[in-house]
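Chain IDs A, B, C and D follow the sequence of writing; residue 1 opens each chain.
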Amino acid sequence: MIDREWLPEGVERCSFGKFAVWLAIIGVVFAWGLYATYRIFANGLIETNLDNYFGFGLWITFDLAVIALGAGAFFSGFLKYIVGIEELKNIINLAVIVGFICYSGTMLILTLDIGQPLRAWFGYWHPNVHSMLTEVIFCITCYCMVLIIEYIPIILENRKLNQNKFIHNLAHNFHVFMPLFAGIGTFLSTFHQGSLGGMYGVLFGRPFAYREGFFIWPWTFFLFVASAIASGPAFTMLIATLMEKITGRKLVSYETKALMGKIAGSLLCFYLFFKFLDTWYWATDTLPRMGLTFDQMFNDVYGKWLLWAELGLCGVIPAILLVVPKFRNIPFLLYTAAILDCIGIVINRFVFTVQTIAFPVMPFDKWYSYVPNWAEWATTFEILAYGALVLSLSYRYLPVFPQEKELN
Amino acid sequence: MAKGKSCVVLPFLIGFVGALIVGWGLFPKLLYSEKAQPIRFSHKVHVEDQGMACDECHTFREDGSFAGIPTTEECAECHAEVMGEDPAEAKFVEEYVNEDREVPWLIYQKQPDNVFFSHIAHQDFDCTTCHPDVGNSDTPPVYYENKISGYSKQTMKMWQCERCHAQNGASNACYVCHK
Amino acid sequence: MGLDRRGFITFLVGGAVGTLFTPVPWKLADDVSIWSQNWPWIPKLQYGARSEAPSLCKLCPGGCGLSVHKVGKRPVTAQGNKNHPLSQGGVCPLGSSAVQLLYRPARVKGPLKKNNGRFEAISWEEAAQIVADNLKGKKIAALSGDENGSASEVLAGFLKLLGSDDFYFMPSDAQVSQRAWSLMEGKGQLGFDLENSDYVLILGADILSSWGPVVRNQKAFASRKGKFVYAGPVQTGTAATVDKWMPVYPGQEGVLALGICYYLLKMGKSASLKNFGLVRDYILSKYTPSVVEAKTGVSAAQVQKLAQDLVKASAPCVLVGSDFGQGSGAFEWASGILVNLLLGTLNQKGGLVALPENKVITSAPWRSELNQKSFLKFLDEVEQGKAVDGLLVYEANPLYALPQPEQVKTVLEKIPFKVSFSTFLDETAMACDLILPAPHFLERFDDAYTPFGVGQEIYSVAAPVIEPIFSTKSTPDFILEVANKLGVDLGFASFEEVLQAKAESLGTDLESVSAEAYTSDKWLAQNSLSLPVEILATGLETEGEGVFLAPVARNYLGNTKQALTPFEVVVVKEFELQKKDFYIQVNKNTANKLKLKQNGKVKLQGAGGECVARVNITETVMNDVIAAPLGFGHQAWDEFAKGKGDNLFKVLSVKEEKGSGLKVWNRSQVKVVRA
Amino acid sequence: MEAIEFKVKWGMVINIDKCTGCGACMVACQAENNIAPMVDGSDKRMTLTWMLVYELSNGKPFPEHDIAYLPRPCMQCGKPSCSTVCPVIATTKDEEGGIVSQIYPRCIGCRYCMAACPYHSRYFNWYDPKWPAGMEKTLNISTSVRPRGVVEKCTFCHHRFMYAKEKARYNGEDPMDLPEDAYIPACAEICPTGAIVFGNLNNPEHKVAKLAKSKYAFRLLERLGTDPQVYYYSEREWVRRQGDNYLPHEKTKGE
């Protein structure tokens, strides 16, 4: 293998040729997305299926979903470095990498999503402090930087790089400061997860999303934080499992995975309790005050099935499966529950993004539906391919999984 | 070790200073192109020699808008025929009056289309508060055009407008100046 | 000292750090964003002094005064002229797009001659010579869509001097009303003094959407003293706003009028008609409440209520016209006039009025004479072998806007020499041998004398507000030039002189009438009127097979002259047009009866053609009626109108009215089949 | 954010009972504000109409059916849902008169304001504006031409306010105390039935101030708390009821 000396010590990796084929597959998807990206930058957003009714669509849904799912990074960091759950060291590297992918991917999508990418920096230079989106822009950027800082020591631990004394010392120093960054990350992340929810909750012109709240923060602020930490750990754990299935190697012990499941499950219960409360209050108090009923919020396309899927099938059921040890210890149920958990959060982000604006607020207006077009899918897959690329390279060349040696 | 260090510091310094020279010295030269007015218009001839007042040409219209630079038709009220010896005047009559064309004057303080600047709201200020003092010039100053943005180098930036508004207690609401 | 790799890297790092301390990155970021604010491919604004110029809209016969707003020499927007009696500051969507039409892609940019099916550019001298050669000693006909302009007078006078009586207007209610009025031995042009009426009953005519001088109607409605009641098959813009809407089957407004007459006669009302007794007995025996109810769909009680309300009003006015501004017969108009006579509103404030006429071209017939003639009858004659050598078409698009245009096309093919003076490349221009474009009306002198439907004599003139953009020539001027070549003397050297003479004949002059319209409140007193009873028989005819079709004309769909304008495209509603398909409107009841589904594709089959549409189910249409928009289905023009929907004129079926000999198509029936 | 109280509050009262749905306001608006024409206008989610006329139905079958037309400009809300969410201060309600601004060179095109506005008053420039050859010569100097990628909306023809102020200054009058007809947006000026009335809601002499007080006056989605400066007027209860969301048992405003 031509790259043998770059591989982590004491682990086995597939042949470089095989790896190159894998990269090529990713590359094809990535190139497709790149083509769409080019079209969008050259011709504008007319290349997408977004319109004046659906100014937000697949991209924002995707952004919100991956940011929620990427919450595994900050929350695992928080639990490991601040709370001190040592077991999480087995998966914390992966959590950081997944988080980095999710956040950097989001930022890439966001530059596509705005109509004037060349003015993207206005968000920092001319910020409107009253806008939740400003908070999101700042926190995401800062947190993305934190993730880069957290990611760097993992890169520096590459066997070849680490031979350099300076790099070796640098990596070590980074590790020393990790709790600090974990703390900053937790703070930033909590805020922007919340702000993302706040973004919708403050829309008092959109009854589907509008929520009252505490001080300047609508309830969705807190619910988004809760739902993110309830799904992030599950997602990290699923990625680890997926990598195991692809590589055929044991990477993380089942105990660690179950622990992640337990964390996710407990938080999911916590989240659901408040989410049910919120939904009930919204349906029976907030909406009637606007002259609307719960039933009016749904139509044939964006039906109640979405709500039941989100809260029941992908809410209550995974919560039970994850908190009850008997179920959690059966791998099939653990993985199923984790998948459902993640789907539930994606549905949540989807309805808040799309159904919010699909509901016709003016009584004489009507429902419209939105379907993303190829360019939106291609760019979304571009980011997925980008994630797969980063993950593949990290797995092959960096000591991501401390348990890998002993488990195999 | 000492040798290793100097090997790091010196190239760094060279790079650093080099960038400063390029950035402060060369870059502005590259960024702007120099342009001359299509006609060498002499304010001096009109003001000093002919004793004209500024508002004989730079007038307010009856709707309160500012006419800015006079049209060829207005100039032709005097310059229907060549009056003097100046070749610039001859060029003006020949190429613009006779052809019934407007002169593409370069406006040093030209604001973009998205700005609504009301001259009449600022009539208590001296013209030179914002405009270059060309009232006595014989040759118009060189016009510097930003190659990227297309703006004149002297186009006032928004923060300058805002500062003056703030100092004078005028509103800085967006629509006070934008359209 | 050699530069090793590490040295080079530190050099780069130093450069990068140094750059941060220069304006380069920050200025670039700023300038690039400024560049995005002024992209070179986005048009820049051209500044200049703002001014207003009075003008006149010639896009429909409504005769609205415009105020064209200019920047420097460029017209930028067309707004209503506040001082003009017919617009009073308002304009319809067509007039509002007047300025932009200067640059409509469909404009003809210079004289064209067809050679082997393709148009080639020619010079105006050549054009004048060709026309002169082809007219000399030939049998010539002319068709004009300008029913109130002096240009038509020039054209008609020219034809007369060439020995031809074949001058025609495009069909409209102006002609039908004139025909009916003449049959009743009336004089002058009929009008409605809506401004002063306290109870306006509108039967059929969609006066607030498209009929007659729309903007003036809307203004009169807005400042109404009493009530406006509208009876028509569809809830149009008129129905949406008037005080009361009454559904009545399409083309049955005349019957409804006679239904009202029945009750008025029962109340003992009379009219000064020579044959009043005959008329009275006829109506009382034939138009009994049950007959009227069956024909119109309006209950006897409602008809009686209408009659009572009209009698109670101090200045009532009844306006009977076609739902879509054309195709009605003398029957409807005579019936409408009769109601007014019974109510005693003729030449009364707020009632039906007779307005004077005017002409300055000696050889030209009076407008009331020209309005007696029907182009459709002329086409019949041509089809039956009448020899015609040439046809001049001015401001008209018969190949699109006459009923059964495909048949019209076949007949017109028999005429060997056809000239279109169209400003735009319309369907008719495409089929002509010569296109000699008139300037856009903002580029030329033009006028409007008493548009049909108004209640007073009005004369407005517009001077050009912009130099012609393309190689165009004012048609009346061109005609005067050709007349000169042929040695025919119309008495004027230029069209401007014609307008000057007309202004003078009214006791004013060109300059003042260009600045402000001339108005006078002269009404023509009538001698003895009569009403041939055979006209009244039409309403009793049994209807044919098929479903009633109610064409709907709205100015935002364009009209018979102007196709959907670029700025009107977004005004068209979702349920009127989707991409290439236009919609018919039926209510749920009718849809169930005809087994039609929402969005389903259907074919409408008329007597002379068919068209394809989709179905929109809406309760705005009365039972057993299909409503559909006029104005779609253009095959010429430009991308803004071409190929959108289908032309409803294709399914209108023409019948001959027995009493008057007029052609009528306001009672068209169609078959609907699923496509 | 606290709503600012203005001395002058430009407002509209649109009499729905007078609107024939002719569309003149929509056309006048496009011409006045340099909106490029579109070749296909049938997808109403892609068209750009600062002023849009909706057709309202009372929902009953023929013959009880009734229709009405509702022209919808920007509501210039007293408490805008849009301007507060803009991340880059490209839209504000900060100028005397209370018109919600939209600054095209600042806008980054994130469309958050569009998601926030329940009236669909905001439009995104999906295309670069393109006029048929030559038609760009009819561009008005009133409004800057917007590139693709930014959001725009009705401004109550704000430039006309600026023109009126300039004229007042020229005539030595107070630019903040304009006569009633000195400043009127294009749509209100052109409306053939005078259905759109415009003026200062804070001036009791102005027609709008009187009309807005009528029991038949209402505002769109008032219950959401947007506090629009556009009022509607209809004597038909069903029309007023469609101006807001009502639970079945609730009484319509004005009843």
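Going forward, contacts are C-beta pairs under 8 Å (C-beta built on N, C-alpha and C of every residue); 3 or more make two chains touch, one makes a residue touch a chain.
If you're wondering where the values come from, they're calculated on a predicted model, not measured in any experiment.
Trainee: Select the chain whose centre, defined as the mean of its C-alpha atoms, is least distant from the mean of all protein C-alpha atoms.
Mentor: Of all chains shown, the one whose C-alpha centre lies nearest the global C-alpha mean is D.
Trainee: Using the stated contact rule, I'd like to know whether B-D or B-C comes out ahead in C-beta pair count.
Mentor: B-C
Trainee: Can you compute the centre-to-centre distance for chain B and chain D, using the mean CA position of each chain? Integer Å is fine.
Mentor: 37
Trainee: Measure off the straight-line distance from the CA centroid of chain A to the CA centroid of chain B, and report it in whole Å.
Mentor: 51
Trainee: For chain A and chain C, what's the span in angstrom between their mean Cα positions?
Mentor: A distance of 61 Å separates the two centres.
Trainee: Identify all positions of chain D at which a residue touches two or more other chains, and write them in rising order.
Mentor: 47, 57, 89, 104-106, 128, 144-145, 147, 163
Trainee: Got the chain B residues that touch at least 2 other chains?
Mentor: Within chain B, residues 63, 65, 112-114 contact more than one other chain.
Trainee: Counting only residues that touch at least 2 other chains, which ones in chain A make the list?
Mentor: 116, 119, 122
Trainee: If I apply the definition of touch given earlier, which pairs of chains qualify?
Mentor: Every pair of chains meeting the touch criterion: A-C, A-D, B-C, B-D, C-D.
Trainee: So in the complex, the part of chain A that touches chain C is made up of which residues?
Mentor: So the residues of chain A touching chain C come out as 116, 118-119, 121-122.
Trainee: So in the complex, the part of chain D that touches chain B is made up of which residues?
Mentor: 89, 91-92, 94-96, 99, 101, 103-106, 142-145, 155, 158-159, 162-163, 165-171, 175
Trainee: Using the touch definition up top, name the residues of chain D that touch chain A in the complex.
Mentor: 1, 43, 45-47, 54, 56-57, 70, 81, 84-89, 106-112, 114-120, 122-128, 147-151, 220-221, 223-226, 241-247, 250
Trainee: So in the complex, the part of chain D that touches chain C is made up of which residues?
Mentor: Result: residues 17-24, 26-28, 30-32, 37-42, 44, 47-49, 53, 55, 57, 60-63, 65-69, 104-105, 128-129, 131-141, 144-147, 163, 186, 189-195 of chain D touch chain C.
Trainee: What does chain B use to touch chain C in their complex?
Mentor: Residues 7-20, 22-24, 27-28, 31, 61, 63, 65, 67-68, 71, 112-114, 146, 148-151.
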